[in-house]
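Order of writing sets the labels: A, B and C. Residues in every chain begin at 1.
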Amino acid sequence: MKLFIEQILNGLAMGSIYAIITLGLALVYGVMRILHVAHASVYTVGAYAGVYLFNATGSLTLAFLGAMLLCAVLGVLIERLVYFPLLKCPPYVPLIASIAVMLTIEEVCRLLAGPQILTFAARLPFPDLDLGGVHLSSTQVAVYVITAGILVFLWYLTTRTEVGLAMRATSQDMPIAGAQGINSHYIVSLTFVISSAIAAIGGILVGIYYNQVYPTMGAVPAYKTLALIVVGGMGSVPGAVIAALFLGLAETLLIGYLSVPFPRDALAFVAMILVLVWRSEGLLGSK
Amino acid sequence: MSGYLVTILTQIAIQAIVVCGLNVIVGYAGQISLGHAAFMGIGAYSAALLSTRAGLSFWTALPLVLAICALCGLLLGLPSLKLKHDFLAITTIGINFIVQAVFLYVPFFGGAMGISGIPRVQFLGEPVRGVHFLYLCLACLGVVTVVSWLFTRVFAGLACFALREEEAAAASMGISPVRFKLLAFMLGTMFAGLGGSLYAHYMRFVSADDFSFPLSVSFLAMLVLGGMGSLLGPLVGALILGALPELFRPLAEFRILFYALILLLMIRFQPGGILGEASLVRRRLYPLLFGGAK
Amino acid sequence: MSGALLQVKNLSIHFGGLRAVDGVDFEINRGEIFGLLGPNGAGKTVTFNLISGVYKPSGGEVWFDGRRIDGLPPHAIAALGLGRTFQIVKPFPSLTVLDNVLVARGISRYPRAACLWTSWRSGRERREAMALLERVGLADLAWRKAGLLPLGNLRRLEIARALAVGRKLLLLDESFSGLRTEEIAKLEVLVRDIRAQGVTVLLIEHNMRVAMGLSDRIVVLDHGRKLAEGPPAAIQQDESVIEAYLGRKSGDQASPGGGAAHAS
């Protein structure tokens, strides 16, 4: 029983990490209708920036802030140099461009930092918990707390601030939002800033959680998170989060705990197909 | 011709065949497919199983391989009827992962060990090897290209173009979206299956890793680079992206980076591809070659 | 009813809670030019979409040439000889004008296996397609990419394509919109010509003069219901019609929500 609960907590931790990465993707899709596959490479850059800054300064705070800043800039550059000029093209064009950007960034990371796995031996300033015999590491606690924090921040931003309202308007209907005086390009760039900064947080958390940072760490999340935003309903952040949590649980329980012989990576897509068959706009999507 | 050159050209030819199939689905019918490598894999595994387990030769197995791939293409086509573009793109990615998982985990397909010992193609009692196999691949490429060309000249092909451009209007002219999209998928996956079968008899060993998602991406990249919807686009794309890693061999470290950068620059500045409508090549080179505009 | 080519019986469709078309009845006889009028949001294009198969009705029936067609997909209805234009023009942008018409010329081939081996590039097909372009006055633009044409020409292209398909009935959705005076006059002549060749025409039109001038009979819709039916003279005098059109003051932009994006 204890083992089961621990697996659930592991699953939720995994799911939370997926959620952090996925919601950036959902935010971007919401405002720009683009599948920002390269988001996963932004997350990789965040992990690298974090580990380098931490090793150089010993300060996790600096690592987080530096990585968030770097990724925010990277995200906006991608948006302005690659996606925005391609807005008028058929949808496969920005998708291929995104894949190309992702490959480029991955390769640059590999060339600059080397293909080997770096360790990220940091300790997050959270306590280890022992709840009635169930053990939670400080990293896991950190993951829960930080994920919750990000969700609260986003909720506050989108429902209580003007900027958030502008973001929601832009995601509903860009031309009309523009007619209302909202500078939609600014909003789009802001969305990239926010999602990329969140991706940086995700990258560092993953780096610490698994104690691994390597160039292709974005590859698997890249495609799983696509499946997750479909399941959640394209552009729906709450949907993406729920889908991510479920996937984390499913992967850990089915494969880790019950040892079902099925490849983890395909599980996300099987789930996606099942959901699509049932509800073709995703769990919380709108037609 | 050196053995090295023959090897490269054979690989390029096989890939060009597969990309011609993608061209029918994406270029002609306007559907998105990011899982095309899975169909090459289905063709390859079918050929592998039919030759190693059922003892069929490449030639007798071929109709079966094509039929299996056409059937799979039909099944893939079905979600495309219901799903909008972004959903479809992601679903095709998923299909790639799922098919690969099936090959890896279902023991019938040899699991992680794949299928080995695939015999060479036999012609008139002699195994076809080396430059002769290249000729075989080129002949198949020729057939595939001619079939594609014929397809563009008949009403079925025109129907696909119309669906690509404007589905509602096409339907109002008697074009059944279901029928013609499925037709395009079947044709496209059959070509992929042919490429897969040639691949299997060439490498004489297939495993699930050979048909992963990055391969689907490179097929799409070849198509985009060469010019989606153009007849020779797949060949040009396969040639360039197939030759590139070899040309950059001395700079092996930077190969993937260059590949990615070329793809990025190409898609960013010339999304129509080299042989696409508005491309630099068409605008500058064609008048020189063919004199004057229409 | 041997004369009736098209019969619409108690036709209805709901989008969510909105009844975009509610119990509409009318008949069109062979060889007529029939007008479907009504203020913005009356449900005219929705009715077209119901007849041509784009929408499936929630209730009622549509009969065409003795066959029941409601619920059939658009391509099947087109194959029966019903052609239509779209209010928001839908050319095939990267195909040439001629090729656009050639697509429509394939109407008899697409349902059969012959489409796999019949060439659309033959001289005969080209000539037939050019003939259609000549009828609408687009022959000298045959080689232009359709995506580059201005609206007036695109409307004519829509008609040329619909002509190829609609050997029995032609649905014209606001085909006179956005045209200049001389273009309108030419189009009126064309529509009469089409009728003279035995094709029945059903048109939606906002231009009152054109609608009254061309139509043999008219049905007026308002808020999805039939308001009046009869020859133009009777309609012009009809109190309820006048009120529906003129009695509107502020913001009557009530277009059916949900699926019908056009205000018709």
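The rule is simple: a contact is a pair of C-beta atoms (placed from the backbone, for glycine too) under 8 Å apart; a residue touches a chain by one contact, two chains touch by 3 or more.
This structure is a prediction, so every number in the text was calculated from the model and none was measured.
Enquirer: Remove subunit B hypothetically, without shifting anything else, and describe the chain groups still held together by touching.
Expert: A | C
Enquirer: Find the chain most remote from subunit C, comparing centres computed as mean CA coordinates.
Expert: The chain lying farthest from subunit C is A.
Enquirer: Where the CA atoms of subunit A average out and where those of subunit B average out, how many Å apart are those spots?
Expert: So the centre of subunit A lies 32 Å away from the centre of subunit B.
Enquirer: Using mean CA coordinates as chain centres, what's the subunit A-subunit C distance in Å?
Expert: Result: the chain centres lie 49 Å from each other.
Enquirer: Can you give the whole-Å distance between the Cα centres of subunit B and subunit C?
Expert: The computed centroid separation for subunit B versus subunit C comes out at 41 Å.
Enquirer: Using the touch rule from the top of the page, what residues of subunit C touch 2 or more other chains?
Expert: none
Enquirer: Mind listing the subunit A positions that touch subunit B in their complex?
Expert: Residues 29, 33, 35, 82, 85-86, 89-93, 95-97, 99-101, 103-104, 107-108, 111, 223, 226-227, 230, 234, 261-263, 265-266, 268-270, 272-273, 276, 280 of subunit A touch subunit B in their complex.
Enquirer: Touching residues of subunit C toward subunit B in the complex: what are they?
Expert: 52, 54, 73-76, 78-79, 83-84, 86, 90-95, 99, 102-104, 106-111, 114-121, 143, 161-162, 164-165
Enquirer: Taking the complex as given, what residues does subunit B use to touch subunit C?
Expert: 153-156, 158-159, 161-162, 165-166, 168-177, 179-180, 277, 294
Enquirer: Considering the complex alone, what residue numbers of subunit B touch subunit A?
Expert: For this pair, the touching residues of subunit B are 26, 32, 34, 79, 82-83, 85-87, 89-91, 93-95, 97-98, 100-101, 104-105, 213, 217, 220-221, 224, 253-254, 256-257, 259-261, 263-264, 267-268, 271.
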